[in-house]
Amino acid sequence: MTIDHPALQAVLDALAARFNDRLLETRFEKGELSVRVARGDLRPVLAFLRDEQGFNALNDIIGLDNANAPVAGRPRFSVLYQFYKFPDALRLRVVTDAAEDEPLPSITGLYKSADWAEREIFDMFGLRFEGHPGLTRIYLGDDFKGYPLRKEFPLAGE
Amino acid sequence: MIKAPAQPAFLLTQLDKFITWAQKNSLWPLGSGLACCAIEMIATGASHYDMARFGMEVFRPSPRQADLFIVAGTVTNKMAPIIRRLWEQMPDPKWVVAMGNCAVCGGPFPTYAVTQGVDKIIPVDVYIAGCAPTPQALLHGLITLQEKIAKEHPTRVMFKKDVRRDD
Amino acid sequence: MSRELFIFEGLIPLLKAAAVCIYLMIMVIIMVWLERRVVGWLQGRLGPNRVGFQGVLQPIADTVKLLFKENIMQKQADWLLFNIAPIIVLVSALLPFCFIPLGDSIPFKNYTFTFWVAESPVGLLLILGLSSLSVFALVFGGWGSNSKYPLLGGLRAVIQILSYEIPIGLAMLAVIFYSQSLNMVDIVQKQAVTGWNIGKWPLIVPFVIFWICAVAETNRAPFDLPEAESELVAGFHTEYSGIKFAFFFMAEYTHMVLASSLAVVLFFGGWLAPFSQVKALAWLHPFPGAGVFWYFFKIMCFLYLYIWIRGTFPRYRFDELIKLAWKWMVPLALLNIFIVALVRLHS
Amino acid sequence: MPYKHIEISMGPQHPSTHGVLQLKVTADNEVVLNVEPVIGYLHRGMEKLWEHRTYPQIVPLTDRLDYLGAILNNLAYVLAVEKLAGIEVPKRAQYIRVILAELQRVASHLAWIGFNANDIGAMSVLLYGFIEREGLLDLFEEYCGARLTVHGLRIGGVPHDLTPKVCELIRGVVTSVPRRLADIEALLSENRIWKHRTVGIGRIAPAEAIQYGLTGPALRAAGVRWDIRKNIPYSSYEDFDFDVPLGTHSDVYDRYLVRMAEMRQSLRIITQALDRLPAGEVRAKVPRLLKIPPGEVFLSVEAAKGELGFYIKSNGTDKPERVKMKAPSFINMQCFEKMCQGHLIADLVAILGSLDIVLGEIDK
């Protein structure tokens, strides 16, 4: 896929060369490149991006509940990882999908700032991250039942 | 409620006046702020609006020495038991001011995590509206509280057996 | 027992003791008002001015309110220690004042009325001993309330006051080389003859040491770690409410007055008017009782200095505080004793 | 009796935790062994609430996130919506936004120096900082109508043009803030006690800071040249020249120096923007009922505390499908424990102050 952003184009080509068929989908809109990979090979892709491509900072992990606009064949939740390359200000977004009960690989090993972000996603969506040092609720009390940011959860709570 | 005796004895009304004069002129707020309203509370305590003129600038960090609890900010469900315990730790003649819409009625957050109003957990004396009420609004609320204290009758409570110790 | 003896030796000292206590309570009230106004003025705000004329009744309102507060004591707090702490801290603050000359003496026909309660040959030692009783109160208060922050506050108080007791003692020793007597009245009368102690060059460094240690002993301004608000909530008096807290409050101010009076008596010639030898300036000390006003004026200068320091300096960290005491104050004081001894030897 | 370390909970109500943050500290007689921050006491469920509000309704809600830098939050959200909807903001509105954003940064830093100095004991600096901040709040009240939660920007531009009175207030602020900064620096910068309390405290290596995702003045104090206004310019920041202050030792003292220098740079930007204010209207044509076709965007802005980002996913209706906020304090707070290793409890308070965290932003 050709994009009119030379630096990101180089990254995309390296990625495509390395994981050619496992990049399920790449999108480049509004100047932002986002790559979708399956849950299984999330860690190798991120390790590759961090070590070879120099994306050394994890900016944010965003959880999405696509219950209102379900895409056939794709699980309900998707998790977006927003990355940074420090000196030359490159941004990249890696997207994976997960159903309710499928645990995602935790990336606290690669990035230390992932610790609380993953706990927040567990707190809000109920997605489990295997390999996370202490996966407990970060905002709500432990006695809170339900996961608030799911679409079926009412705004004012049960 | 405390049953007011038929005709308050003259001596006690003067004593009431003196005690309430002292209590209303030396309200030491608890140095606790929750959210945006806390910044406006500090701005009221700072130089421009100066709560110190009314003798209130001593923000006591420990609830034991505070007698005014300004609930400044959003009371969330996780924070509610702690607010309740703070209120219980304060010695007896204590007053509560609910500052800002969040403390008064949950404000702009009708969500699962917010207690819709601090009067669900502790009795409130003065409600101050505004989303981050301006320091003038807070001062007006505090002066209203002072007027309310001036009308109280502490001596009637003082000589009655302390009911709380029984329950 | 003859009537004069009863009156002059029994009744009047008793009245004088009561007068000193009342004097100190008034000083506390003045200090509370002064502190809140001066710190307010330093920070560009007005300070209490609604209660009485310019907020003069504010301290009275505070004390009366604290009087009528509920007295809370934790169930698991140690009953004895918790309740004895405020008493010791106030007693250890009031007792030393019976040896401090608050003014000179007025001679009547057969009785000279003196402005000090008692005059003992070892006045300075007694004052030092009595005032360091307050360490017990801080520890009892901190440990007795059986909760974490007071415990830390109490520990800090012990270490701080003990390590600043030594340099303050050495600084006083330097003064005694000149006054050659521990009797406070002699110290002042000696200064009447030889001029104020601060005028003698070997005593300037001891004054600086004395003042820094005095600020540290009373847990004030840069050294207010035992009740550091930002770290230990309210330090050792976190658990105290109502009148017990008022005792701690009053004791702190009384300790400040004590430290200022010591500084005034030891270095700035207690009740002496400035330039007392110059005949032309005799009008500065018109009648025998005028020493009281000079003493009061000098104390107020030092108390203002306390508040000024509180408004400007940040707070020391604990290990810096102890390093300051042991690495700077104590060696400096010892060296100065050596110098003063040499100077006194030759003169 | 086995020797037990003391566990202190610098609990949700503590004079120097800047709001409702709980720090579970295990200390060996004041030497901190480990710190476990517990957050969530101010979680108001913002992101759930945003899914039930239209795009313009969310702007005032973003004021309540970092309540010391309301306009900076608005700017981040509004820019993200404009990028998503493809709205072109007129040049004059961009300049006014830069002026308001930099004024808000100065107000936020003034509040920060007050809180940080007050935690370390210099309480007069808190009052001086707030006196100066009142000047800025009067300006916000004149322009936006509110002091703290100002709702100062709109999608597509700014509410209205700068009136002469506001310009005059801005000139007043630009002259009076440097004088006050000089007072504060005279009180603190060369003060031995201040230096004892801040030099060499809370160090973090630059590489590790990046690893933890630290951003903002704390990262620049580590010597990493990263300021989004320079690296990824937005809202015509490229027209102004200002330099990015950097620290060398990455301790509490350097963060203090960086923030004080940053205030002066902000004033430089404000004067340049005010002098070169282009003509034109102040607001793009935005339909009252804004419907944005499906799409997603992530955009971040240099807020006072660090890099503040908004991810917005739209689904064609007038309400966003999902709005996620990347809070700088949330990420900065994670390296707090790393910075506290082996320090005393008193340093804990100084480090927490130097990170300039705001709980409204952490807990959302």
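Residue numbering begins at 1 within each chain, and the chains themselves are lettered A, B, C and D in the order written.
We adopt the following convention: a contact is a pair of C-beta atoms (placed from the backbone, for glycine too) under 8 Å apart; a residue touches a chain by one contact, two chains touch by 3 or more.
Being a predicted model, the structure only gives us computed values, none of them experimental.
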Worksheet item: Suppose you hop from chain A to any chain it touches, then on again the same way; how many hops at least until you reach chain D?
Response: 1
Worksheet item: Compared with chain C, which chain's mean CA position is the farthest off?
Response: A
Worksheet item: Using CA atom averages as chain centres, what separation in Å is found between chain C and chain D?
Response: 45
Worksheet, complete the sentence: So, in whole Å, the Cα centroid of chain B is separated from that of chain D by 31
Discussion item. Centroid from C-alpha atoms only, then distance chain A to chain B, rounded to Å. What do you get?
Written reply: 47
Worksheet entry | Between chain A and chain C, centroid-to-centroid distance (C-alpha), Å | 65
Worksheet item: Which chain A residues reach two or more other chains?
Response: 139-141, 148, 153, 155
Worksheet item: What are the residues of chain C that contact at least two other chains?
Response: 43-45, 229, 233
Item to complete: Among the residues of chain B, pick out those that touch two or more other chains and give their numbers.
Response: 31, 46-48, 61, 78, 110-113
Practice prompt. Would you mind writing out the residues of chain D in touch with chain A in their complex?
Written response: 39-40, 43, 45, 47-49, 52, 83-84, 210-213, 224, 226, 231-232, 294-298, 300, 307, 309, 311, 313, 315, 321-322, 324, 326, 330-331, 333-335, 363-364
Practice prompt. Please give the residue numbers of chain B that touch chain A in the complex, ascending.
Written response: 77-78, 110-113
Item to complete: Write out the stretch or stretches of chain B touching chain C in their complex.
Response: 18-19, 21-23, 25-26, 31, 46-48, 50, 52-55, 57-58, 60-62, 64-65, 67, 89, 91-93, 154, 158
Worksheet entry | Contact footprint of chain D on chain A as seen in their complex | 29-30, 32, 34, 56-60, 62-65, 68-69, 80, 82, 86, 89, 91, 93, 111-113, 115-116, 124, 137-141, 148-149, 153, 155
Worksheet item: What residues of chain D sit close enough to touch chain B in their complex?
Response: 11-15, 19-20, 40-46, 48-49, 60-61, 63-64, 67-68, 111, 126-127, 130-131, 133-134, 137, 146-149, 359-360, 363
